[in-house]
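A quick write-up on the structure given underneath.
The first chain written gets the first letter, and so on, giving A, B and C; residue counts start at 1 in each chain.
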């Protein structure tokens, strides 16, 4: 296996180096791409220095990033804590499913981002509106996957638990929940992704602080260096949170064959 | 043990009860004045506004005209994503070198929310039609690429071996073995792309556009016309649902034809 | 105590004209500590019989009794061993075996003792903390059997328990089950489509017809086994070579072959 992996790393590394050289060549060396279109490496570096030192759009990059991260985590947490139990309940009880499903079918086709104007109308440009839209967007994948998780549990597993005389609450905690956990985590991954998309969009539409706000200001100032800084930050934040979630998942699903492979 | 299936009657009754509670709660909050009607108009107000907008212009156009302009951008963006994503994915599935080159780049860009491309999109292609198309493209591209790639990469190895044994050259291998084998996966990817593209379109129009439903909603938000905002949401939801239903039908038809489902 | 009775049991799946009759007038009495195997063609409803005793399905007509009382719901007095093991993948071997005892609210000390003896009984002591996916199929089925045995159930219901195992593992498990059943007899209802397995394990074998399933014939194996002293042979292949065994097996095969559509099986 080792040669395959190192071949991959080699080609991947060469690609990245080649790309950086291409970037440098097109912007700085030849000027084929002007700095009004895309920043040169030097401009990118200067923008990064500026936002870390003097700050941009009201504060430093770290505090913008921290603010966005905080909102995503809060919205995500609210969505998961409401969505997963609802999904589990709908999966468990056909009655609850029948009751909730039509409402769900009506609301679901509305893209999460379409809630942004309404959230701003209701709650203004502050944090509350952002948490509300993140909730709406991250809620649906959590519900659907928890629901599917329960419905896809192997029937013999449930029968085995009933045969052993498992009481109701223990059934939920020790059978239904762990059995649905792989699907629940699939939902959480989608929810997290949706949270970031929604937050960035909401901050682009209207905000006073945050990574999306940096992007928004940089766009208005026609400041490509800072746009790139904002985008890289969005990417890194998304990457780090996804990585953390994957780590939690690996730990929680240590028993799962599929998760190991 | 999940509870047993319900009869048709009970399902309908419970469903109606659910809808009634939803609409009842909404109406109650609005009519009772707990939430000012300015911010939460009742269902009837929203419905009547929706029908008004079919003929009366707002923010420069009627609702159907806004939808038409949204849909045009959307179609361009999704078609572009499919036209580039699917062939690239197939080639990556076949040529290992291309796979090794593109995958790290793709993995790097994957974590950037499509909507974060808005500033560059506006800078490069303007806020008219080019910018939004690029954002729709950014949203719709990844599933096209990934599914075509997976479809081609994970073709039953015996099919490829059989084709090799028959002396099939590379081009024919791609066109007559990999592509047909990957079709179900590609179609599934296109359906996901279509959904994500529609999402991105809404986001793009909220931020950079001079027409379209998203633009209409932002304008309505600015002048605190909540019924118009909600009518816009309904329109977006309806069109999104329509797209999904049509693509599902297409996918089902295709799968049946291939004998993958009865 | 643990006796099972089927009294004029019918089972219909679906409703109205779309209904399919799966079982037709099943009558069978299984005495306390008796090992009865049901054999029959695929789809004859033999598994349905077991599921009704377990409480997973209700009879459409007639009654299913355990110790003279009608079955209403599943419970730990009627432990089931499933064909696909149905272990909890997120629980270790110990936790899988322990769950039923925890549900009975036994004190920790007693629980540990029972688990330890079940682990010993099924030769699982070296895999106590393993997760099911780390075990071979045979080991997983040992865990499932231990999970059932540890409850000390009145009735043990085994639904083609060795059907998913490879041939060699299967033989080992059959020998172990014989060892268990002879030294520590329980009331067992054993479902299988493997004729040799039924003859080797059971005290009596009930043969079912094709759908709608009826009990066609019940053979007394125990009388032959004791008369011919099968249990003096430790190995299954030696038992299977005995003329008395071959005779019974051939009889059951012929009986099954008479069933219409036998060749579709």
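FYI, contacts are C-beta pairs under 8 Å (C-beta built on N, C-alpha and C of every residue); 3 or more make two chains touch, one makes a residue touch a chain.
Owing to the predicted nature of the structure, the values given are computational and were not obtained by experimental measurement.
Taken together, the touching pairs link the chains end to end in a line with two free ends. Remark: among chain pairs A-C and A-B, A-B carries the greater number of C-beta contacts. The chain with its CA mean position farthest from that of chain B is C. A straight line joining the Cα centres of chain B and chain C is 52 Å long. Mean C-alpha positions place chain A and chain C at a centre distance of 49 Å.
Averaged C-alpha coordinates give centres for chain A and chain B that are 18 Å from one another. In chain A, the residues that reach two or more other chains under the touch definition are 159, 162. Residues 7-8, 11-12, 15-16, 19, 36-38, 91-95, 98-103, 106-107, 109-118, 120-122, 150-151, 158-159, 162, 193, 196-197, 200-201, 204-205, 212, 215-216, 218-219, 222, 224, 227, 230-231, 234-236, 238-239, 242 of chain A are the ones that touch chain B when the two sit in their complex.
If you check the complex, the residues on chain A that touch chain C are 154, 156-157, 159-167, 170, 174-175, 178-179, 181, 254-257.
Of all residues in chain B, those touching chain A in their complex are 1-6, 10-11, 14-19, 22, 39-40, 97, 100-101, 103-105, 108-109, 111-120, 122-124, 198-199, 202-203, 206-207, 214, 217-218, 220-221, 224, 226, 229-230, 232-234, 236-238, 240-241, 244. Considering their complex, residues 54-56, 73-76, 78-80, 82, 84, 86-91, 99-100, 102-104, 131, 133, 147, 151 of chain C touch chain A.
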